[in-house]
C-alpha cells in the first residue's frame, strides 16, 4: 500500500517548467501577488539547481505576445534543454519535449507553469497516463483567479497528481538537513524572506551573547 | 490507464448552455463579478462558435421572472436547438433535450449554466450516468456564493466530472496553434482583456522597431 | 453505474436538523454571515415543510449554554420528533434518534447542523456506514471558519456524502415546476431575496404593460 | 463646539428612501450579500416606522427596467409620499421631493438608497448645501463594489455627512431603552438575527431556571 | 456654502485620461479584476463620448515597455489631443498638456489613469492647486493593490478631490433621463452588464405580455 | 501647532470600557475573529492595569440578553466603578458615568466598546464636545461587519477622535522602555502571541549560546 | 463498509505534535491569524491532556533559527517524549520517533504541525503507509498561505487522511458529555472564547433568575 | 493655495527608516505578504539610494527579541547614521535622532517603519508638529492587520501626513524620466517584478523584430 505516499527523491526526479513567459505572466496570472509569484518560481528553480535535477524548459510561441521566458530562469539554466514549441499547447504533444523527458531517465516529474489549468494540467495528466509519478508545484504555477486554480488542482488531484509547493518539494528532496546543512539553509534564506528574518534574528542573538 | 486524462476533442464535443437567463443571473449569481461572469460566458460561447461545436441552448420558464436567455447567446447561435423546458429543473429530465444531445452524435459534453449547483450539477451527473464524458466550464457557471460553488464542484469532481474553465476548454479544443494561428489569436484577444493587453503591447513594440 | 448521481426524491427523503441551537449559533458559527445563515436554515426547513418530508429535530444539552432550538424551527415543526440528547455528541449514538430515523422509512437523509465538523459530519458518516444515502446541506450548516468548514466538507465528500445546499435540495425534490408552480414559486420568493427581486420586477413589468 | 456630534433626534428627523427598486438592487448592488442587504433596508424602514418618523419614498423610472420599489417598503409605508421622479437622477432636483422634505418640517435627514454613489451621495450633498444635517445609513445603501462604496462614503464624510448604519440610527433615536423597552427589544429581535439568538438563549435560560 | 457639493456639469467638464497604456495595465494594475477594469475604463470613455466632453489623452514613454494606449481608447477618440510626454511623470509638468487643458475652457476636470497613486494623484493635486475642480474616477484608475489605492484616494480626498466613479460621473452629467432617455439607456446597457440583464428581463417581460 | 499630535500620557489618561458584555459580543461582533477580539480587549485592559490608569466599566441592561460583562474584565478591575446603566444607550447620557469620568480628573479618554458604531461612537463624540481628548481603541471595539466599523471610525476621525489600537496605546503610555523594561516586556509577551514567539526564540538562542 | 467513518477513540489514539517551534511559527505561518493559531494549538494540546492521550513532541533543529518548542507545549507535557530530530525533515524518517509512536500502542494518530505541507503531510502519509489511521488537526497546523494549506490538505485527503480540527477531535474523543460534563465544559470554556461567552451569558441569566 | 499638493523633491527630502528589525517583522507584520513587504522595503531603500537622499536608520532594542535591522538595509546604507535607541518608543523622543534629522537640513521627511501605528505614526505626528512636511510610505510600513493599518493611516491623514507608497515616492523624486532614463528604468526593473515582466517582453519583441 506504499502508493499512499508517492515520495519525491532527488535521484528520480526531473523538473519541467512550462511557459513561464513574461507576457503570459503579466497578462494572465492573477491568483498570486506579483512579488510572491516571482519569488515562488525562482525558489522552485533554485531548488532544482541546488539538487542538480535535470530541468527542461519549454515555451509556447515565444516570438510573439507570450513573450520570452523569464530572464531569471534563462540565466539559471543556460544548459538546460529549452523546447520552443511551434504550436502544441499541451507540451506533451511535442515529441521533442517528451523525448527530453525520457532522456532524463527519471520517473518522477515535478511540473509548474503558466497557466495552471492548461500548461500545467494538460501535460500533468498526459504524464500520468504515460506512467510517470507527477508532482505539481501549485504555488509556482499561476492562472486567472483563485477559483480557476482551485478547479484545476482539484481536477488534477482526482486523477492522481500529488499536490505540492516549492517548499515541500525542496524539503522532500533534501530529506535530511545533514545532507548539506549550510547549503540547504542558504537556499531557504535566499528564497524565503520569512525564514531569512528568523535566521537574521538568530544571528543577531548570537552576536549579542558573544559580546557578553 | 488512459482515463486519467479524459481529453476534449473538437470532433467529439458538444456544448450545453443551461439557463443563462437574465433574471437568474441578476438575481442569483454572486460568486463572480458581473463583468467577469458575462465575459466568461460569452468567451465560452465564442469558443464553441470558433470550433463549430454543436451547441444546445435550454431555458427554464423563460416566460416569467427567470427571464430570457442572455441576448448575446441568442445572437451567437441563431440556429442552435433551444429547448424551452416546460418545467423540468434537471435539463436531462427533458426528453427533447436528451434527444438533441444524442442527435449531436458527440460523447463529450461541455456544460455550463446558472446555477452551478442545480442547472449544471444535475444534468452533469445525469450525463455521467448515461455514459458521457462530462466537462464542466466552472467559470462560465455561476451561483449564490463561492461556498456553494465550491461544494457543487467538489461534488461533481467526486463523481467523475472533469473540472475545466473556458480558457482550458478553448486550449484543449485548439490543441495546436498552427491549426489556425490567426483565428485562435483573435479569439483570445477578443475574449481575454489580459491577453489583449499583451498583444497590443507586442504590436506597439513592432511599430517601434519598424520605425527604426 | 447509476450511483454517480445519487438523486434525492421527495418520496425517499427525510431531513435531520442537528443542534441549530441559539447558543451554538451565536457563539460558534462564523463561516456565514448572520443574516445569510438564518435565512439558509429557515429556507431548508421550509423546503422540507413544503415537500412534507419527515423531519427530525435534535438538540444537545438544550438546558444550558447551548441554548434552545431556534424558535423559527420549533414553530415550523410542532409535531416533529425532537430528540433532546442527554449527552451523546454524535446524534447517531443516541438510540432514540436512530429509531426515529428508521421510523421514517426513508433511505435518503438530508442533514444540516451546527457545527459542521461535528454535529453534521459525525452523524453523516455514521449514516453512510449504516447504509443510507446522505446529502449534506452545506449552507444550512455552520462552524468556526471557512477553513474548518472546507476541511469538514472535503472529509465528508471523500467518504461518499453528496454535498448540496438548500436550493439544490429544493430543486431536486421539486423535479418539475409543474408539480406545483405557484407553491414552489412562493417558496423561492419567500426564502430567496434575490429571486424575490426578479419576481417583483416581473410583476412590475406586468403591471406596466397591462396599463398600456 | 457642539457640532462635533450632530445628534439624531426622533423629533427632528425624517427618512428618505431613494430608489430601492428591485431592478436596481438585483442588477447593481454587489457590496452587500443579498440577504444582508434586504434585512438592512427593512430594518431601517422598520426603525422609522417604530419611531413614527416622516418617511419619503422616491423612485426613478419605476415603469421600466429599474423596477418597482421593494414590495416590503410599499407595504410598510402605504401612506408615505412616494415621488416617482420622471427623470431627475438626483432626487433633490425634483421639486416635489424637496417640497415633501420641507413639509416634514424636519432638519435632520436620514438617507439611504441604491446606488450609494449616485442616489444617496447626490441628494445627501444637495441637502447639506441646503442647510440640513445629513445622516447616511451606509449599510442600507448599496452599490457596485466595496471599492465604489468606500470612495462614495469617503466623499460624503469630507463634505460633512454623518456616516451611520441602521442600528446606530435606531439606537440614537431610541436614546434610552426605558422609553419603550419592549417595543425596542422587539424591533431588534425581529430585525437583527444575531440579537434574536441571544434573546432566545436568555428566554431559554429563564425557562430552565423557572423549572427548577 | 455651495461648495459642499461641487457638482459636475456637462458644460463645464473635460476628461483627462492619463497613461492607460497596455504595458502599465498588464504589469501593474492589480486592484481590479482584468475584465472589470477594462470595462470601467471604456465605460468612462464612452460616457465622455456620449456627452461630447473634451477629452485629452496622454501617455508616458509609449515607445517602450509602457506600451501604447489601449486600442479601444485610440479608436474612440481619433481626434482628441494625445500628448505623448517625453519624460514628465506628472502630466501637469508637461506644458502641452496644461495648455490642452486650458484650451478646453473647462474648469471641472475628470481624471482617471494608471497608476492611481502617481499618474492620477499627481496631476489631480496639481490641478487643484491651479484652481480647478477635480473629480477622480476611482474605478477607472488602477494600481498595485487595494491598500495602495486606498492610501492614494484618502490622500486626494484630504486635499479636496471629489471621489467619484464612472457611473456616478455619467449620472451627474446626465442629470435628467429626459435629456436623452434612449441614448442614456443604451450607454448603460452597453457598459453595465448588470443593467443589461435587467433591461433584457424587462424586454422579455414585454414580449410575454404582448403575446397575451 | 501642537495639536496635530494629541499625545496620550499615563498621567492624564483614563480608560472607559463600554458594554463588553457577553451577549452583545457573541450576538453582534463579526468584524474581528473570536480569538483575536478577546485577546485585544484583555490586552487593552491589562495595559490600563499595568499603567494603573483609572478605569470605568459600564454596561447596558446586564440583567437581560445583553449579558454580564466579560468575566475577564470583572476579575481584572474588582474595584473600578461599574456603572450599570438603567437605559441610556449613549453612556454619556448617564450622569453617574459622566461624574465618574470627571472624578478621575483626567482629560484624555481612551474608549473601547461593543458595538463600535453606538457604544463607542456616541460617548466618544459626546466627550469631544465636552472638551476631552478622545482616543478610540479601534481593535478592542467590535461591531457587525468591517463595513460598519469602517464607516464608524471614519465618522469619528472626521470629528477629531484619535484612532488608535491597544498596542499603540500601550506604547504611547510607556513612552520609554526604560521606565520598566521587564514589566513592559512581560505585558507584551502575555498579550501578543506574535511577540511571545520572538521572545521565546531569543531566549532559546540565549540557551544555545550559553551552552557553548 | 465501516471504514467510511474511521472514528477516533480515546483508547486508541495518540497525538503527535510536529515542529511547533517559535521560529517556524513566526517566520512561516500565515494562513491563520496569530491569536487564532496559538489558541488552536493549545486547545488541541489541552484536549490531549484532558483525555490523557499519549503525546509525542518532536522538533527540527531546535538549536538554531527554527527556535524552541512553544513554551506552552513544553509546560503542558513535561514528561512526554520529545524527539529532537538531528536532521530528518519527515519525522517518520527518525527511528526514535517511530519507536515512540509504536510504544504508545495506539493505531490512531492525530497529527498537527508546522508547516502543514511538510511537517504534517510527510509523516501523515508515511503513517498511512505504515497502516495507521491518520487524523490531521488542520487548524492546529499552519503554513505559508491558504492556497498552500488547501493543496496540502487536498493531497492528504486523497490518500486517506481524515481531515479534522481540534474541536471535532475533542468532541469525538469525548463521545458523550456525561463522561465528564464539568471537565469537558471547562475544557471548552477555557479554549473556545466563543463558547466562553455563551457560558458566561448563561451563568449571568442564572444569577438574574435566582435573584427573583 | 499651493499646499494642496505638498510635493516631494529630491533636494529637500530625507528618508527615515524606523525599526525594520527582523524580530518585529516576523512577529508582528501581518498586513502585507512576506514577499511583498520585503520587496517594498528594499524598493523604498533603493529609491533613496538612487536619489542619494540622506537616510537615517534607527532601531529599538536591537539587542533583544526585536532583532537586528534587516541585513539588506544594513548593507545598503553602511555609512548612514544608525540610531540605536536605548528605550524611547517614539524615535522623535530620542535627541540623537532629532539631531540627525536636523543635520540633514531637509524639510521633507519620508517615513516608513514597523509597526505603522507606533513606529511610523508617532514620529510622523511629532515631525508634523515640529514643522516638517511628512510623507509616509504606507506600503513599506507594516503592522498587525489591515484594520489596524487603516486606522493608523486615517489618523495620520487627518493630521496632515501625505500618504504615499514607495513607487509614488520614487516617481515624485524622479519628476522626469529624462533626468536619468536608464537609471530609473533599472531601479524599476529590479524592484518591481510586474514592470520587469513588461520590460523583458519589450526586449523580447525587440529581438524578434531585429531578427527579421
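As written, the chain order gives the labels A, B, C, D, E, F, G and H, with residue 1 at the start of each chain.
Here is the rule we go by: a residue touches a chain if its C-beta (ideal position, glycine included) is under 8 Å from a C-beta of that chain, and two chains touch if they have at least 3 such contacts.
Heads up on the chains, UniProt names are A, B, C, D, E, F, G, H = Isochorismatase family protein.
Predicted model only: the values in this text are computed from it and were never measured.
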**Request:** Among D-F, C-F or F-G, find the interface that matches G-H: by residue number, over half of the contact pairs should be common to both.
**Result:** C-F
**Message:** When contacts are scored as defined above, which chain pair ends up with more C-beta pairs, B-C or C-F?
**Reply:** B-C
**Fill in**
In terms of CA centroids, furthest away from subunit E sits chain G
**Asked** When subunit A meets its copy subunit B, do both sides use mostly the same residue numbers (more than half shared) or mostly different ones?
**Response** different
**Request:** Quick one: report the Å distance separating subunit D from subunit E, using the average Cα coordinate of each chain.
**Result:** 30
**Message:** For subunit B versus subunit F, what separation do you get between their C-alpha means, in angstrom?
**Reply:** 53
**Set of subunit E residues in contact with two or more other chains** = 23, 26-27, 30, 33-34, 64-65, 67, 144-145, 150, 154, 158, 194, 197-198, 201-202, 205
**Prompt:** Taking all chains into account, which pairs touch?
**Reply:** A-B, A-E, A-F, A-G, A-H, B-C, B-D, B-E, B-H, C-D, C-E, C-F, C-G, D-E, D-F, D-G, E-H, F-G, F-H, G-H
**Asked** Within the complex, which stretch of subunit A touches subunit G?
**Response** 1-2, 4-5, 7, 31-32, 138-139, 146, 149-150, 153-154, 157-158, 162-165, 167-168, 171-172, 174-179, 181, 192, 194-195, 197-199, 201-202
**Request:** Using the touch definition up top, name the residues of subunit B that touch subunit H in the complex.
**Result:** 198, 201-202, 205-206, 209-210
**Item:** Sites on subunit E touched by subunit B in the complex
**Value:** 22-23, 25-26, 33-39, 62-65, 67-68, 70-71, 193-194, 196-198, 200-201, 203-205, 207-208, 211
**Asked** Any idea which subunit B residues touch subunit C in the complex?
**Response** 23-24, 26-28, 30, 60-61, 64-67, 86-90, 93, 115, 117-118, 121-122, 125-126, 128-129, 131, 144-145, 147-148, 150-152, 154-155, 158-160
**Fill in**
subunit A residues touching subunit E in their complex are 26-27, 30, 33-34, 144-145
